[in-house]
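Here chain A shows up in two complexes: once beside chain B, once beside chain C.
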Partner chain A sequence: MNLILVLIGGLMLTAAAVAMSLRNIIHSALLLIGSWLGVSFFYLWAGAEFVAFAQVLVYVGAVSMVVLFAVLLTRRDRQDVVVAPETRTRAISALLVGGSVAGLLVSAVLGTPLATGPAETPTLTVKDLGTLLAGPQAAGLLIAGVILTVALLGAVVLAATDSGKEDAS
Partner chain B sequence: MTTLQLCLVISSLLFCIGLVGALSRSHTILVLLGIELMLNAANMNFIAFWRFGASPTAATGVLFAIFSIAVAAAEAAVGLALVIAVYRHQKSVRLEEANRLKG
Partner chain C sequence: MTATLERLPLLVRDWITGFFPEPVRWLVSGLLAIVAILAVFGLYFAYLTLAERKFLGRFQNRPGPNRTGPFGLLQPFADAVKALTKEDIVPQAADKLLHFLAPCLVVAFGLISFAVIPFGRYLIPVDLDAAVLYFFAAGVSSELALFMAGWASHNKYSMISAMRALAQLISYELPLLLAVVPVIMLSGTLSTSKIVVAQGGWTFGIIPHWNVLTPWGFAGFFIFMIAAVAETNRSPFDLPEAESELIAGHLTEYSGFKYALFFMAEYFGMSALCGLGVTLFLGGWQAPIDILQVVPSYVWFMVKLSCVIFCLMWVRATLLRLRIDQLTRLAWKFLVPLGLINLGNAAFWHLSADWSGPLQIVRWAISAAVIVIPFVLIGRTLSSGLAPRTYRYAT
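Moving on, here comes the complex of A and B:
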């Protein structure tokens, strides 16, 4: 059981690490799709099927397309998808900060006696989730809907070009 | 190492990869992608604690992960719209060059 988890984690972490180190931003975005797919495999492995499908729909489907569109809309010419290398100081300090945070988190996780429950997978059907979302959590669902609507309207207002006015730049 | 600890270690490493990416790159879209990775790592923790935690009958972890995915989708849409708006004014997506408030 742990072997599958290690395999999923290895796929996810390798894809994410390679994506964050590549120079070509299109390759980074495509590799991050693999990493997000690994996260959804983890959800499937843990028995949260609905979250796994939501992850595939939202990240692998929607967010990756939005990212690719943003990359293609913000390049000056065909070669502009290759990012200039960062300064050495910046990369080294980022690696130092990330490494120390990783050491801190991993040692805290390994050093804490965590209370674990029963070993069998908890059963949670989509029907249970629907009952919860329509009943006790209905306020959260409505607020999430309002946030999504407002965010989409805001995104359209921000990204839309004002064709009637002279371009300020 | 228990399975819960293994899950938490994997999500911590994913969080740190996202953190290093967000700190070390100056391309705005790559910084946003690093933040998305950190959000994903946090969601993995919710699911891990729901699956292996002390009271797995409560569906709180799954519900929180669903809401968090919804908010992350909104964040990605607004963030990339901001990137496009900044690019239209500055003709650049490097974070160091976006240093004027009125473009």
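Moving on, here comes the complex of A and C:
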């Protein structure tokens, strides 16, 4: 059982590490998607199949498209897709930002009291999850939905600035 | 007799797994399911291509393939040999690994979605609690493979076509999901086998309780099928490939068996999506009338699946290919609003479940009106000003 966990973890981390070291940004993006797929394998291993499939649906299906479209639409030509080796300032700023995010995450993990010892495996069906989401957790779900809608509207506003010049068809 | 026929696949499975020691039996039965899907749907794919060519031929008043074997029955194998022996050309500038990986992934993602479709009463490869979610998770992953095909070809036309194809797939994902949600709402489960069981039973022994025979289900089925046609890149929505105008789009740089693999994936995807449509709306493996239950359930499933696929071929032979703007407009301005209205309709159907007697008629009338009136109104608004057509350059 633990061997599988090690394999999944290895897959995730290797994919992420190789994604960071590659110069070709599309390859990096595809490897990042592989890493997300690894996360969903981890959820499957842990018995949370609903979360695993949602992870595939959202990350591999939707977020990956956003990443790939962003890469393709912001680069002028294919040669530009290959990023030049970083300068010192870029390395320093990357280290700063990455380090602060990592510090935040690690401190959050360390600061959370985690129950250790053998825990009971909860037997949650999708139906239970649905009732939970639509009942006690409905507020959180709605807030997340509103935030996403606002983000979507913002994206539309940003993207639609220069469409006034073209004749509406 | 009927019970034996019904359990026949299980008996065969148990007979084969009986040859193996106890600890590996689960593995053998899993592998058997995979082999069965590959064999059955591999052959089904082969003969679908033949049936499609035959039907298209008949629709266009010509005989179709009839030289290879009796009635052209060996044509698929001739095609397979042709595709296998063709030269496999990889562009020099292509991203070799991704160029190779894309057709493999596209077939793999097409195949894994078969895992959750209940083919018969006892015949479901994996009975998952979140089966519908699994199906769509597998479906969206194939978009990635499509992008890889376009990008790895190192050809700007392939790339543009891949982006167009992605725009189409993403646009039609929404009505597809919106059509599925009412079914999940009313059966209260994401498991495909339970959705089929929920559609069991007959009124007077002849009218089945399938979802398609309710107002919301009827609308949902049509939205689902239109979106399914678009999701599988079939005519009239086959403009990602559009061989006569776009030199096959993102497949431009593919040849030989890799090219055939994309078509294989298309047919697998079509079979799987139609299978899901049959499962969700047409009662899955349930027999249409009570007394016809003597026929095994898996036969009913395949009959329904073949009928739905035949309708898709009929559509392909009848309708013209849409333009990209017409295609996206159909999705965003017509199917998505209708899908949302249908969601409300399903909610009304759910809340009025205990109405009886004359109220039952009111329930049907309201539910039908809720979907028909917007259909007519939106349709009229969208098509106003489009007819009669004027020809500027042709006289």
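Methods note: the second predicted complex is superposed on the first by the 130 of 169 C-alpha atoms of A that agree within 3 Å, B and C clash if a C-alpha of one lies under 4 Å from a C-alpha of the other, contacts with A are read in each partner's own complex, and residues count from 1 in each chain.
Keep in mind that, in the parts below, a contact is a pair of C-beta atoms (placed from the backbone, for glycine too) under 8 Å apart; a residue touches a chain by one contact, two chains touch by 3 or more.
Small disclaimer: the values here were computed from a predicted structure and weren't measured.
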Inset, instruction - Quick one: classify A:A54 as touching chain B (first), chain C (second), both or neither. - result: both
Inset, instruction - Look at A:A62 in the shared chain and tell me whether it touches chain B only, chain C only, both, or neither; answer first, second, both or neither. - result: both
Inset, instruction - Using the superposition on chain A described above, determine whether A:L153 touches chain B (first), chain C (second), both, or neither. - result: neither
Inset, instruction - Determine, under the contact definition given at the top, whether A:T125 touches first (chain B), second (chain C), both, or neither. - result: second
Inset, instruction - Check whether A:L72 is in contact with chain B, with chain C, with both or with neither, and answer first, second, both or neither. - result: second
Inset, instruction - Give one of first, second, both or neither to describe whether A:V39 is in contact with chain B, with chain C, with both, or with none. - result: first
Inset, instruction - Scan A:I4 for contacts with chain B and chain C and give back first, second, both or neither. - result: neither
Legend entry - chain C versus chain B, contacts on chain A by residue: B
Legend entry - chain B versus chain C as contact partner of A:A144, first or second or both or neither: first
Legend entry - Which superposed partner A:G99 touches (first chain B, second chain C, both, neither): first
Legend entry - chain C-contacting residues of chain A that also contact chain B: 50, 54, 62, 69, 169
Legend entry - Touch list for chain B against partner chain A, complex: 1-10, 12-21, 23-27, 29-30, 32-34, 36-37, 40, 43-44, 47-48, 50-57, 59, 62-63, 65-67, 69-78, 80-85, 87-89, 91, 93, 103
Inset, instruction - Report the residues of chain A in contact with chain C in the complex, numbered from low to high. - result: 26, 30, 33, 49-50, 53-54, 56-57, 60-62, 64-65, 68-69, 72, 78, 125-127, 169
Legend entry - chain B-touching residues of chain A, taken from the complex the two chains share: 1-2, 5-6, 9, 12-13, 16-17, 19-20, 25, 28-29, 32, 35-36, 39, 42-43, 46-48, 50-51, 54-55, 58-59, 62-63, 66-67, 69-71, 73-74, 76, 83, 86, 90-91, 93-95, 97-99, 101-102, 105-106, 109-110, 114-118, 121-122, 124, 128-129, 132-133, 137, 140, 144, 147-148, 151-152, 154-156, 158-159, 161, 168-169
Inset, instruction - Quick one: which bits of chain C touch chain A in the complex? Just the residue numbers, please. - result: 98, 128-130, 133-134, 136-138, 140-141, 143-144, 147-148, 151, 154, 159, 163, 166, 170, 173, 188-191, 325
